[in-house]
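One chain, chain A, links the two complexes that follow: it is found with chain B in the first and with chain C in the second.
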Partner chain A sequence: MTKRSTVHGAALPWVAPCAVVLCLLILIPAAFLLYVSLTGYELGFPWAERPFVGMGNYQELLGGSDYEFWVSVRRSVSYASLVTGGSLLLGMGVALLLNATGRGRTFVMLVVIMPLAISHAIGGLMWKLMYNVEFGVLNHVFGILFGLKVNWLSDANALYATAVVGVWMAAPFVALFFLAGLQSLPRGPFEAARVDGASWWQTFRHLTLPMLRPIVLVVTLFTVIDALRSFGAIYLLTEGGPGVATLVLPLYMYRTGFGYSNILGKGSAIAFVLILLTMALAGILVRMMRQAREA
Partner chain B sequence: MRRQLLAAMRWVGLAAVVLFFGFPIVWMLLTSLKERVHLYQPGQLFFPPTLDNYTAALVKYGILDYIWNSVIVATGNTVLSLALGVTAAYGLSRFAFRGRDTVALGILLARLFPTITLVIPFFVLAFLLRILDTHFLLILIYLTFNVPFVVWAMRAYFQDIPKEIEEAALVDGCGRLAAFLRCILPAARPGLFATGVLCFILAWNEFNYALFLTSRAAKTVPTAIAFFRTERGILWGEVSALGVIAILPVLVIAALGHKVLLRGFSVEGSQQ
Partner chain C sequence: MRWRIRAALAISVVLGSAVIAHAASADLRQWGAQVKAKHGGTTLVVSGIPHPSTEAFQAMTPDFTELTGIKVEWDLIETGRIQSKQFLEHTAKTGRYDVNMYKGASVVEYMAKGVLQPLSPFLTGELTPKGYDYEDLFPAARETLGMAGGAILGIPTASESFFLAYRKDLFQKYGKTAPDTTEQLLELARFFKDKEPGLAGIVMRAQTGRTLALAWSLLTHQFCGSMVDQKTWETTLEKPETIRSLKYLLDLLKAGPIGIENYTWEEATSTFMAGKAAIWFEATALQPWLEDPKKSTIVGKIGYAPPPKGPCGRYGAMAGWAMGIPVEAQHKDAAWAFIAYMTSKELAPTYAAKGGVISRISSLDDAKYVAHNPDFVKALKASYEAAANLTAKGEKWVPPTDVATRLHERVGTHAGNALLGKETPEDAVKAAAKEVREILAKAAVKEQPAPKK
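Up next is the complex of A and B:
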């Protein structure tokens, strides 16, 4: 290998343009977002007249005087947990099924990744049609099977219904990651287990799962982080409602900044809280990926 | 007997999987072909199909313009993302340099960044710079998620290509750039194709930024659903037609190169 120092200069023209563009496009808006979050800027008022409020927005949010903020934090945690739990279980199930399937695997895989091909907004709207109480296909089937008419997007059900859509959108990637992981596992231990007469569950519990552990952990965090930032599908399904039933952080940011009020200053503070939350999770993720690489 | 039972259970499982992931799309297609009277009868699986919803979406609501906007934005962004991302991925995979881990980490963090939060600063900045509602703005902003994606995906492909290929070219007197263009890029063609297609799809389907940062001139296909959410309710037939139109290019590309694409997805997955 060439010396480190000479190569350093050689790498610059390859990496620098990308690094510079990303810094400009993410760090500058993020810094600007932080600044706006320290003001009381409201859409429709001249930019020059923005009042500087310091930590005022954050005090309002975190201090407990803003009831909706803590609700939205709880909703975000619930939504992300439901979507992640559901996607991991379903994704693992799909991956195990596909791994054991010969003929027809490509077809099933193509169907499974279909949700990835559609805009989250349009996907959300399609589910809203299927969830419709009066003429939705779900209630039609439920009516025939159980004689039931469920209000899927009611106050009590809406969070679960949106999480199902979240799973629909997130599970395909999880399944593909797990399938790639399953296919990269060595054969030897599994044949040994079969010779020893281990049951399917024993093999899965004591061989497959431990070997997939690094992938499972990383995929979990990826899914959590992705679920925390979901907006499009929820926006079209419920707009955060009914009431505050599905008011996750991005939706609360939208309501504060663009929807119910135009207070971009406070909306920015909500956004910044979401960034901090994500980056804390990303920190854990990075540490886990390093450990996985070293192990 | 036990084996047959297991096989049967597997087929039931596969059928359930296909139903869950595929049905909403099939239902969208069916809905788009229904006349208004049939829209509210979900049980009626056989109905005289009509293309009225498509003509209404394309002509009456002017979706053609938005398709054109989406094509410009997605194509422009894909080309730029590949240019920036592929070179960086090559640099990261081939050179050892101080700060390489930091750059790689930064790109990973950029990929995980909650892009929805940047809607407000981009909105205010674009407003102050008077570039709201332009193709240029969307092409630029979509780099925030597509460039990290390209770097991440292409790095895996470059690591799979043996170094001997370009070392031979370098010995033959090619420059680094010529070796990259003539030897590495052709060898990475399947990866380039898969990554480019996924980039295009991500830009084509993007909703959050387009919703807030465009109003007329640069409106893209997914945000056009706003037209069909009227005070009288949602125009389900037209919206479904729009959804089918939006997913059509993706399905065509997928049908043309699904083997390469599936491999692309798997590579993207396996390196996590």
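Up next is the complex of A and C:
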């Protein structure tokens, strides 16, 4: 018996409980999802009557005959990019401010993390009211200041408007992560930079950011995954519309698998593609994290 | 002092019970006793949506429990989710619900999927109160909302049609009269658009997708168009008459408020109630809210009119909600007792008085009901007649197939592209027709309604 296999054998009892839980909660449902995606099952009909279609659903989705699928992929990527970019910038800004603030930090932190305490459903409804063309507070303010009535959820604006809500929801989490990172950085290099007369920007660009890189990557990973699976707030705000303006993959999955269609087989195929897409992106980010650690 | 309070409470409970017992006729009390003997203590679970009819039923539930001993739990689910939820429970055979409130337009889909129990044996059985009078339910509603494959699967609980409501004060101010034709409606909507600060000419549901398709189908027949020929089951979307009706709808919506492409009935109604629109083209079931001072700022300023007459006649929708018993229900008899009580002829005036959405012919002739708003009742009758015109042609507002919802979803998505200016109406109907053909080819059920008056 080699030393390696002895180590593996010794680890088995410790890893097994976790592996069993993972199997029960993740692998078995994922395998079932994959199986359903290979059928043409429609919700409501007897389960026994499900036709096996093999890769039919995937061919329909990936072969280009389903125009809305590719639209929803593009929307998901755009939405995730906007939300990730926006929340990283905003979160970093808030973290830097909080890190530099002495008095009142607790109060500011409480205000900042408030969106975290609000459920996506409530947040979505709140923003829907704020975006309302006729009665919304945003148009009320815009009306007073500029005499404007903006259609926030129009075909042209809806994706950005929903991304703003996404940023509002994600930024506090990002800010808290960055703040923790900033506070754990060693003081020495910063003091040396100050003595050398480095500007704030130079310090940030050449010290803070490189030292925070692993944290930035972890936060990006979480935010991208969260943005790709966003559903609740977008559903409440626009239901994917108008038209297909905000039809991100989870919304398209819901519309197909439940909503007004109930074609669970194809809906499961969309869900599986979403999982693969998320895993691929996560894989890239994890590799980047590993490279950052090794560097 | 304390015993006096207790005594007063006891007296009021006794009096309260007496009032309940007195309110019900001898027949109903006898029926209640019979039900109580067999099913007293049962707890029913009813799946429903937030709706004026649900509110009325909930208000009537304590009396039902008092009379029959059957307790009722309501599981209220969002309108857009209830169907999937009920199908999910059916597939999983959970037997979670004893009563399903369902969208009447989907009755054929419920039949195709075998979700609901046929109700004929219950209707003729002893659990139906004397004088229930099934024939008194609106014939078009019985047929459209409750029947599929020749079987009675549900009882209409909220028979809605669509009609116009307009601001009488504004119409008087500008010397206008209620629209009667599609031409007049368009003209008036355009006239009132921005006539006063922030005023929309018209509001109605127009959210891209299924909602827009439903709005469009309110006007197709007026122009001799339709989405599907319900005899041959060929799509008729590309007919010039259907395209004309779409163009008319798009013109009408241009007189609507900014962002109408996101309007469901909810936004349309709240905008009208806030006094920000001159005309409202929506479901009759929502009328009580327009006249509710807690919700509306235009109470007493509203006139009503039936849906407009087009070049090919006046047609209307028969839509709404019904209640049925899932095949897996655990308490089918008690469930029927609940449905029968709530939809009985004897309690129809109570239901209407509590804001319910009527489904009985006798309610339309009920003096008290008519007296509370004669204009509304007149327009309501005319709207039902317009709906009956469609039934007389042998067509249903929603094509009677199990894939109707999916069909509307696709048609409404393409019509939405036309509304957003991304496609011409001609291209939109061409794309929609292609998808409709594919959907219809996969349909399990395509009924052929016979012309009925």
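As a working rule, the second predicted complex is superposed on the first by the 265 of 295 C-alpha atoms of A that agree within 3 Å, B and C clash if a C-alpha of one lies under 4 Å from a C-alpha of the other, contacts with A are read in each partner's own complex, and residues count from 1 in each chain.
Just so we're on the same page, a residue touches a chain if its C-beta (ideal position, glycine included) is under 8 Å from a C-beta of that chain, and two chains touch if they have at least 3 such contacts.
All values reported here derive from a predicted model rather than from experimental measurement.
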Figure out whether A:W47 sits in contact with chain B (first) or chain C (second), or with both, or with neither.
-> both
Once the shared chain is lined up, is A:E134 touching chain B (first), chain C (second), both, or neither of them?
-> both
Applying the touch criterion given at the start, work out whether A:A192 contacts chain B, chain C, both or neither, answering first, second, both or neither.
-> neither
Who does A:P115 touch here: chain B (first), chain C (second), both, or neither?
-> first
Is A:L153 touching the first partner chain B, the second partner chain C, both, or neither of them?
-> second
Compare chain B and chain C by how many residues of chain A each one touches, and report the one with more.
-> B
Touch check for A:T106: first (chain B), second (chain C), both, or neither?
-> first
After lining up the shared chain so the two structures overlap, which partner does A:S261 touch, if you call chain B first and chain C second: first, second, both or neither?
-> second
Who does A:G241 touch here: chain B (first), chain C (second), both, or neither?
-> second
Touching A:I284 in the superposition: chain B (first), chain C (second), both, neither?
-> neither
Intersected contact list for chain A, partners chain B and chain C 47, 134-135, 258
Contacting residues of chain A [partner chain C, same complex] = 43-47, 132-135, 149, 151, 153-155, 238-244, 255, 258-263
Name, in rising order, each residue of chain B that touches chain A in their complex.
-> 10, 13-14, 17-18, 20-22, 24-25, 27-28, 31, 39-43, 84-85, 87-88, 90-92, 94-98, 100, 103, 105-110, 112-125, 128, 140-141, 143-144, 147-148, 151, 176, 201, 204-208, 211-212, 221-223, 225, 234, 236, 239-240, 242-243, 246-247, 250-251, 254, 258-259, 262, 265-270, 272
For chain A, which residues count as touching chain B in their complex?
-> 1, 4, 7-8, 10-11, 13-15, 17-19, 21-22, 25-26, 29-30, 32-33, 36, 41, 47, 93-94, 97, 100-101, 104, 106, 108-123, 125-130, 134-137, 140, 168, 171-173, 176-177, 179-181, 184, 215, 218-219, 222, 225, 228-229, 231-232, 236, 250, 253, 257-258, 264, 267-268, 271-272, 274-275, 278-279, 282, 285-286, 289
Quick one: in the complex, what on chain C touches chain A?
-> 80-81, 83-84, 87-88, 90-91, 109, 112-115, 198, 207-210, 257-259, 261-262, 267, 270-271, 274, 276, 405-406, 408-409, 413, 416-417, 419-420, 422
